[in-house]
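Shared between the two complexes below is subunit A, which has subunit B as its partner in the first and subunit C in the second.
This part shows the complex of A and B:
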């Protein structure tokens, strides 16, 4: 089997920091490979070198048997290498047909656009992977999975030999992931190789033929064995054994901390009823669009419910009308999207840490009390250790995992009694994920009632003691984690999914 | 139907029809060929500048300086000719001079926006003020009413005429045909050339366009170059129809033209501006302002009604906004 890409003993450094430290890597024809590693291990550097966006310092790069001292993005594309980035790089204001043929038509150097020809060729490409959709639809009308298919079609339209996919399953539902894997198998049977760059170990274990694990710019492990366990992979990625114990909830108070009664937001969710106890971690899961996201936001007053009521510590507070109302009852919320909702990215880490409680730091003269502010910043940042952080650097200088820790810290400063965590570890690598889980468990032990909204079933299994499954805006099932297994839970969600399909 | 409602051109066309009908009920004269002629004539200037503005908006930018550019191009050209008593200069040379000045001024915008990576909104507000101030300070502040012969002749070139019920003769101005031709050419460029599609691509997502291998800087260069040429032409049109060269004429009214482009579907999150949509947007705004005058509505009410119709148009186009109502 001929190698499409072969990288030997490659070095690359940025401002004196080694990103690739003697990396070796190769991928053959029709191979499905997964490249895994923690953030900053050099994965993206490697991909950018192969696709021609970075040059390399030392080592050798062979593509289709030809040696390149340096390669431009265009040369890389001409060799049949296509990268599908997480954002897909599609043009929302254009139709599917135009997006699929865009790259080919730019490379053809033709100054005119022949729409009929373009549509025909786009349709042929879609047919090749049995993607059934109206090619005249605009891309902004599509959902994430469909956009991804369009991006794959665009790669195929250019006779891709190797398609590199960056975190391809992050925003997909279980069913869509399955569909993606079908398409990938189809590509493989046509001799196209696929390189997955992914965090989601459970999924890539299912589809990949082989794995390459990177750590500190090196290829630390490579295998073609499908029986590799997840624990082994994590060990190679992080260099340490990480084992997560399940959360063990001991009820200390018979009286519920929060009761949600007939909570309804028209068109989003209906008749939500549950109780949350002190020190409990309650999971809410379900497919994308099942209403979990809206429920989380309504509990914090961002999207106020339309009817129902909430009882906190036996006090009926009605509907949570807005964020101020939620704060009054010490409810904290960690949003899914840290970048736009959770942190002020340009502000310093220290300033971010007190942003929730800033109102309480006003001195007698009505201005901020500088002493109090400084003291509080120190206190808050000591609540959760963030390795290697400098308080005066902007929040965006932190990695995804550390940003999430900062969001947690800023809420802890406000002494919350209830914390709503919306997908707390999305885009966070395994090591940091484990730390965040331990922090959350620690908070629960201190008596905070926690609600975790997540579609990450392994996360729900280690973190929660109870879980609700939502579908079409209703809670359809409740399970005690101790009495269920991951397979059962996944099957249950998939079942709801197939039911939805039948009725649709 | 749902698909059609999402189509900006279609919604604007419907709004035009409804507005026209309502106006017609109030004043039957409005539904007449004479009124069509008069509205098209009133649209010539904004339609020309809207084309330049639309091009910049589709490419992901904004231009607040097009009126200033057009005015400088026209006034400098006319003043030069009038000061030297070169009133017989052929029309095409007048246009050529104005186009060259227009191009230079818009390329200054391009330099700041593309090369220095400064925000287009602020850059063009700055250049608008700069060009206008420069004109008044160094070129002149006087109204010129002795225009070059070519422009005087162009001002009264008609292709067809009709007499209204009250006996007034209405003419279809020749420039209406010229503007229509410009729109058709622009439509072809935007939809059937690689360059045109590249403009839409960089307007939607610069990073993605770069990955696709599009030369961002060159595309923007051509966009500003064409916009400058159109603004120069628009300036001469304005001087022609006005039969006078007025320094810093029009400047300050850019927002109505931008509103026309946005109504036609440009400038939204999707960067989907279209030539037809812009044409309809311009017609709608001229229809309103022109006929409210006919209906003797006070001018402050005209502004309010224009604002209301712009907002209604935007709400109808935004499915998101409809779902929140």
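This part shows the complex of A and C:
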């Protein structure tokens, strides 16, 4: 079996940080391979080198037997390598046919578009993977799974020999995942290789022929058969038996800190009821689109609920109308996407640290009190130590994990009594993840009530003492972490999923 | 671990050398000054020239300050000149009336004060209108203010029937054409506005929030900042500055026209960008803006003395804007690279030790 891609002893560094550290990797014809590894292990760097986005520092790259010292995205595409990114990079304002045939129409020498020919060829491509849909539909009308199919068709239309899919299953329901796997098998039978980049171990175990596990820019484990347990994979990924201590909650106050009653946001979530106690870490999980994200935002007043009410310290405050309203009751919120929602990347680290409490730093004369400002900056930045940080550098100079620590710190400055954390460790490397988990547990011990919204089940298991599972906007199950296991919880989420589909 | 601390005492010399933007602009300003002095020593290095530059600089200065503030939000205010002319025209109607009635004494001063208040009220109203549309409808500021520029100018044309209004009380004309402590009064106004803007930008909650909203609107919302209020205030501030300078123009030229000084919009953008304002929002510095203003004034006077025509000026401004934009971009990029490499070197050393 000939190798499509062969990477030998490859090095790549960014600003002095090694992303690839002697990586070896190869994939053959008609192979379904999975590339796994924690965030920041170098997976995406490897993909971007293969697809020609990045150049490499040292090592060799062979594609279809030909050695490349440097490869451009176009050369990579011409060699039959297609990457489908998480956002699919489709054009929503164009039809399916136009999207599928996009590259081919760009590459043809003609200045005019032969619509009839284009549509025919698009239809043929769709037929090849038995994707049944009207090709004149606009892409913005499609759901996530359909968009993914369009992206696959676009890859096939260019005679892809290797399709790389980045986290292809994150946004799909169980049924859609199954459908995707059927298509992948179909591709395999035509001799097309597929490289999955994923961290969803169960699904990956089901479909892949072989695995490559990456850690710290190296290939740490490769296996060509399926006899590998999930525990083994986790061990290879993290390099250690995960021994994070579970969170131990001791109820100190019988009176709930916050009660959410019949909280509803039309079309997003319905009838949410729960109580949060002082010092508790409550988990909320579920598949993408289950309403957890919207619930988190409504608890902070960004997407105000349409009905229901919230009681904080026995005071009925109704619906949280806006962010100012949430701040008044000392609710803090750490957003999911720290780049667009969490930090001001261009501003200094020190200024970011006081951005939430700036209103309280105004002196009697109406101007900012320099002394207070300086003191608060120092205080805030020493709440959570950030290694190697320079307060006057912009926030974008920090690594992902340190940025997240800064977001946490700026909220801690506001002395919250309730903290809503939306995916607190997404895109953070393993070491920093552990640190952030410990910080969160420490905060709970100080008496802050914490709500963690996450689809990372291991995270929920180590952080929380209770967890709610959401599905289609409803809370469908509540579990005590002490009385459940990770497998049970994962099964439960999948079960709720299939149950709902049966009734639908 | 490094202790998070900030420089406690502000040493002027160390500030000068530390602030690279300021240093760079200072070099340019001095270079232009020297070049002009060498080329036309008998014309450039005269008290007369400096006094006349003092009168001229105020107008561009006010517009540039207004543009700078709006630019921090990531927007542009193209309607400044429109606001300025409209406030001038409405004030002119009051003052012309006072002239015709030959008011004197207390009545005259009341009508002059009224004219000022009315002009500023018009500035506030126009700014509020811009701010409302930008903040509540989310229309791109450039389009909104392009629309309102035509609207305000249109109102001005209707009010004046397209002609210039002139003839105002001499007491009013005094402030645009005389000096105080041998510095032109308009320049005093500009110095006041520069200081005020500096204080607002660096010492108030509004200024802090303004920079943050400009660098990331959504994150500011998540941090509980008063986004809409801040946007609104910024356009109102721009409106007030425009109105004040509208009065200055009225006083200096003894006439109000609906289409006065349309070139200022572009020059104000040039001045702000040259003065290290980030056109994408989030960063500006009054000290740098002031230097860039001085540089442009030196150049402008210098070009006239070298007998280079008005068209050449336009061409030169265009080239300078492009140069300023590219160099700012390159400098930003280098800064980021530097801060990243410092950071990664540190962490690497740490991991080596461990």
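Simple rule for what comes next: the second predicted complex is superposed on the first by the 376 of 504 C-alpha atoms of A that agree within 3 Å, B and C clash if a C-alpha of one lies under 4 Å from a C-alpha of the other, contacts with A are read in each partner's own complex, and residues count from 1 in each chain.
Here is the rule we use: a residue touches a chain if its C-beta (ideal position, glycine included) is under 8 Å from a C-beta of that chain, and two chains touch if they have at least 3 such contacts.
Keep in mind that this is a model prediction, so the values were computed, not measured.
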Practice prompt. Specify the outcome, clash or fit, for subunit B and subunit C once both structures are aligned onto subunit A.
Written response: fit
Fill in: Most subunit A residues touched (candidates subunit B, subunit C)
C
Worksheet item: Just subunit B (first), just subunit C (second), both, or neither: which does A:392 touch?
Response: second
Worksheet item: Can A:103 be said to touch subunit B (first), subunit C (second), both, or neither?
Response: first
Item to complete: For A:345, decide between first (touching subunit B), second (touching subunit C), both and neither.
Response: second
Practice prompt. Considering only the touch criterion stated at the top, classify A:377 as touching first (subunit B), second (subunit C), both, or neither.
Written response: second
Discussion item. According to the stated criteria, A:73 is in contact with first (subunit B), second (subunit C), both, or neither; which is it?
Written reply: first
Fill in: Which superposed partner A:355 touches (first subunit B, second subunit C, both, neither)
second
Worksheet item: Regarding the shared-chain residue A:91, is it in contact with subunit B (first), subunit C (second), both, or neither?
Response: first
Response to the item:
Min C-alpha distance subunit B to subunit C after superposition on A, in Å, is 6
Fill in: Residue numbers on subunit B that touch subunit A, as the complex places them
191-198, 200-201, 203-205, 207-209, 211-214, 269-272
Fill in: Parts of subunit A lying in touch with subunit C, wherever the complex brings them together
14-17, 300, 302, 323-324, 326-327, 333, 335, 340-347, 350-351, 355-356, 358-359, 361-362, 366-368, 370, 374, 377-378, 381-382, 385, 387-394, 396-399, 410
Worksheet item: For the complex, which residues does subunit A have touching subunit B?
Response: 73-74, 77, 85, 87, 89-94, 98, 102-103, 105-107, 110-113, 115, 138, 140
Worksheet, complete the sentence: Residue positions on subunit C within touch of subunit A in the complex are 1-6, 8, 199, 203-205, 208-209, 211-212, 215-216, 218-226, 278, 282-283, 336-337, 339-348, 350
